[in-house]
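What follows is a structure written as structure tokens; I'll ask about it next.
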Amino acid sequence: MIKVGIVGGTGYTGVELLRILAVHPEVSVSCITSRSEAGMPVADMYPNLRGHYDLAFSEPDVKTLAACDLVFFATPHGVAMRMMPELMAAGARVVDLSADFRLKDLDVWASWYGMPHESPEWAEKAVYGLPEVVREEIRTAQLVANPGCYPTAVQLGFLPLLESGLVDPSRLIADAKSGASGAGRQGKIGMLHGEVGESFKAYGASGHRHLPEIRQGLSQACGSEVGVTFVPHLIPMIRGIEATLYAELRDPADFDRLQTLYEERFRDEPFVDVMPFGSHPETRSVRGANSCRMALHRQEQSNIVIVSSVIDNLVKGAAGQAVQNMNIMFALPETMGLEAPALLP
Amino acid sequence: MIKVGIVGGTGYTGVELLRILAVHPEVSVSCITSRSEAGMPVADMYPNLRGHYDLAFSEPDVKTLAACDLVFFATPHGVAMRMMPELMAAGARVVDLSADFRLKDLDVWASWYGMPHESPEWAEKAVYGLPEVVREEIRTAQLVANPGCYPTAVQLGFLPLLESGLVDPSRLIADAKSGASGAGRQGKIGMLHGEVGESFKAYGASGHRHLPEIRQGLSQACGSEVGVTFVPHLIPMIRGIEATLYAELRDPADFDRLQTLYEERFRDEPFVDVMPFGSHPETRSVRGANSCRMALHRQEQSNIVIVSSVIDNLVKGAAGQAVQNMNIMFALPETMGLEAPALLP
Amino acid sequence: MIKVGIVGGTGYTGVELLRILAVHPEVSVSCITSRSEAGMPVADMYPNLRGHYDLAFSEPDVKTLAACDLVFFATPHGVAMRMMPELMAAGARVVDLSADFRLKDLDVWASWYGMPHESPEWAEKAVYGLPEVVREEIRTAQLVANPGCYPTAVQLGFLPLLESGLVDPSRLIADAKSGASGAGRQGKIGMLHGEVGESFKAYGASGHRHLPEIRQGLSQACGSEVGVTFVPHLIPMIRGIEATLYAELRDPADFDRLQTLYEERFRDEPFVDVMPFGSHPETRSVRGANSCRMALHRQEQSNIVIVSSVIDNLVKGAAGQAVQNMNIMFALPETMGLEAPALLP
Amino acid sequence: MIKVGIVGGTGYTGVELLRILAVHPEVSVSCITSRSEAGMPVADMYPNLRGHYDLAFSEPDVKTLAACDLVFFATPHGVAMRMMPELMAAGARVVDLSADFRLKDLDVWASWYGMPHESPEWAEKAVYGLPEVVREEIRTAQLVANPGCYPTAVQLGFLPLLESGLVDPSRLIADAKSGASGAGRQGKIGMLHGEVGESFKAYGASGHRHLPEIRQGLSQACGSEVGVTFVPHLIPMIRGIEATLYAELRDPADFDRLQTLYEERFRDEPFVDVMPFGSHPETRSVRGANSCRMALHRQEQSNIVIVSSVIDNLVKGAAGQAVQNMNIMFALPETMGLEAPALLP
């Protein structure tokens, strides 16, 4: 049994980790921390966990965490980077669901997150944990930076096009939409049901923190700096991200081989599902599941490739991918604990 | 492995059975029928099942069904009763999720369902499968009538009060509310998103088919005919039922022992959770889970007992309870395949 | 033109007053106050008002307010009662949408609102502004206490039964449900979209502040103290209240005259619509409109009268009723500015 | 008073016309037709209209319709084109909300709508009624083809860029999202609440009927054939469209003058609101209102112009724009009957 600790368990990614790990046959959660709720049983805050956990939230303590086989950070940015040097020195292995270790360029990190990075050493050593790209490095990583939700949906959808060099990398557009759980569980007026319900809008259209993460990943896939426009939107629902991606094919004749290209690229990936050409993936088809479904489209004789890619932002976009990374790090079957189909309807 | 057949798999209870059984370690689904969709792979209709089932819908055939260890009926009323005599004669065991075998008084059945009952013999032999009441009879039953969704939430909530004789059985009120999936998956204008969304209403307030089923169950618990008023309402959401129950305590002093009464009544029930006095169960705390959560309330010095009871109408109110019944019938651990926590948020 | 001031305009009842008054031909809004947002144009906070108002929020100032013909209070409880003596002395007329002046028994008020009442004089003089009950007193009132949202839906639905003495007043049950806007526009975690969406629950089931207000109104209608149980619920939608009311008819034979009783009681009421017997009013049929629709039901030969009553909590349950009261106070046609049909779908 | 007839009044655009016209001071609706519902009072189908209309649906009759000053068609495609020659010959004036007269190239029309066009003469004479483009021609038009919902949001958002020639017209992308009411009021399984709720998806991504309409309008604005990719999506809500538009500026230096360009282009337009640069228009800010709000964005030093444009698909995208066209045709103030602010929240 892998002894797991969770830092910052009161948010939506925290409860989602607990939900998934509750049925993972090789994991036992031994501690879950929250400064503000220390002492409260997790099942009092999250009644869906009644009968599944006896655990209460506790004060974060490096020694207790270091005694775990694996620690998940489900904290706001800025927390993990401060605790990491001590935790790493103590030999802990970590999957960090926050944004602290996702960017390699720390000046870019500092400008988007509004503070200097406090753990440059581990920012360099951290493995950006998108298993479909760097599975081998994850196996032995001490620190895995779990990708952001939008970046997961956008990168997976663009990967085959960029790796193959078939599209113009300077003209990528990612129009992405997310349910409200992506904003976390904090008492912000803008996220009230009365504000979010029955409405739709873009946000962060002039620049969003996931833009540099997307650009870093796509540039790596492409081998050169990409030009990408990324506009997120807020959907009046709880879970799910859909990203519609647009890229310009250098040679329109290549349209004929795109479906095969995608199917082959993801043939052995247990959590990426390339649907038939012309399909429309629905976010509900991945609700609660660690899956990314995608499909390709073409309009008339256009040279624009359209990819629609969907994930559950809390699962393949956060806690599920974190558990997938844990499975890889501990040489367990990659799908262990992640087999259940999505909840539909 | 239990070889399972499903009759009528295109509706919401059909896909929910498939979702639950996909991770049941002792079940293999060998056929799923649909006259209208014969030949279509189930994963084409329900993309959440892609990668989980290779099965296609097939024409219903008694011989094939009789070769299964267990057959679930997820059909509209009127279908199961016609196939049952032949299927029973062939030795099949059945859990019927439809309304065909729930009522013992077939005149009442005929008047609410608008047709004569065609299988009186099996209507008599069928066991009304509310495990919390008749677990022992379910073990050996050949035909189990799976309870309706509202009747499950209402009966479980009232049971301790009626079995103990503490309340006036002539003055029971059940104000119940359900998500839209309860109406099934048919192209009715009244169930369009544009009609159901952002609105709330009562329906069937002058009489609903679940009223006689509720009355039958409560009368049995009480030992005499009860007087119950049942008003269902439609909630602009997909899954979930909440029933607020009102009963008049004969002796207000008994209020002090109600919480203990409930906790003891359901102490050994794996799927009934009595929350602390004064709690407010949320439907999302049971979304996707085979659980009924309930809590008791009292206002000032009133003698009115208030019980709030929640289930997922498609799980404890349909497919989950059906699998629970199957587990009992086949002497499996009752919780097998039903252990995952609810999907929250 | 009536010169109107609004105190506390940043909440949902504030913006709703502005929305309604924007097309009222006899009103000009001359000031709207908010301590926290002073200086901000109202259209910056509420973009639906762009092009309708040039006004900015200002610091509340008694002198400025006293110069208005009418002042609406759309404040949390406790604010209006402190400003009222000075404002009344200055000769202002006020419609208070908060709870400060709704209860006549100030001990009861103090125990539910957790503070002593600071303006007993005006609590006594205030007219409880349910026009269908006390229209004549409203005409000349200096201070009108605008009824709460739940109390409006519940009282209107019960009125004919209690005024006529046909039902047992000791056994009233009001099972009420409200959209999330009823909780106001404050950054509470429990009201996030991620918490409210796709879920349903009771709240305040052991006692809610609207209970004493409901009891006061019903007792007055009945001429003696009533026994009423009131359980509110939270619907995953924004606007709308539905209350299902249960009462026990003394003589079941009276069922035959109930529909006529209701129709005659409300014949001249412009904002109460008695639908045909057995109808199911939908909250969307009153969305944005100052209307209460209701319908009666009976189940089989039961002696329980069922009334389903719907309003928009922000309109007939708050701002619309306040404008209706203003129209009465200023001898305008009662429906002025309130004529538009509800927004459906 | 303008005597108005409505053909095909049972759908969402029909009831929306009735809602808007109920408070229009210069209109009296004299007939509303529906073959399937002839005889039924409109207020029985749409309870929000109780008290506003005594009218019942009637069989469509050319003579009766020709006696109206104006006839609105709110029918599926294929109906208006068959009745138009006779109606035009009788001298009627018409605003057709269907797709029948929107496209000038009838081969294109035939290929997208799957039938030959039966009224080429009137297809040529019809004025495509986007008032912001062809107001003068609308004044005297006998037949106005009311624009589609997506085309309204997309064209208005792109217009200044194309008219000014500042962007590359061969690389336009319109990623558009709509609430479910856009699909009309027909009993389709795919539009059930259980299917649409809590999910998001693209649809028609390989080609949608609004694509040729958008291309026609943009090409006209630009003076040459444009290359536009248009992907619609379904939002789990009822009303509202958001379109995020992407275009490539020929000269990035022009970014500085875009805001002024937009503000000047729409300065005198009562129903187009250019919000401050970097704003995020919400669909709820136009719910129920005949308004298009838009805002511009730029990401870092990119040469991609981003425009977010929102409308209510049933108002500025259908019935509201139709009434606006009627006002223009009858020399009434263009905003008459369309002044009320949007319903927010």
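The chains carry the letters A, B, C and D, assigned in the order they are written, with residues numbered from 1 in each.
The criterion applied here is as follows: contacts are C-beta pairs under 8 Å (C-beta built on N, C-alpha and C of every residue); 3 or more make two chains touch, one makes a residue touch a chain.
This structure is a prediction, so every number in the text was calculated from the model and none was measured.
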| item | value |
| --- | --- |
| Most distant chain from chain C by Cα centroid | A |
| C-D or A-C, whichever has more C-beta pairs in contact | C-D |
| Chain A and chain D, separation of their C-alpha mean positions in angstrom | 38 |
| Chain C-chain D separation of Cα centroids, rounded to whole Å | 36 |
| Computed distance of Cα centres, chain C from chain A, in Å | 45 |
| Sites on chain C at which at least two other chains make contact | 12, 181, 185, 194-195, 197-198, 236-239, 281-282, 284, 287, 345 |
| Of all residues in chain A, those that touch chain B in their complex | 12, 15, 18-19, 22-23, 46-52, 181, 185, 197-198, 238-239, 273, 275, 281-282, 284-289, 293, 339-345 |
| Contact footprint of chain B on chain C as seen in their complex | 171, 173, 175, 177, 179, 194-195, 197-203, 205-207, 211, 227, 229-231, 233, 235-240, 242, 244, 246, 248, 278, 280-284, 287, 297-300, 302, 304, 306, 308, 310, 345 |
| Chain C - residues contacting chain A, complex | 12, 180-181, 183, 185-189, 191-198, 236-238 |
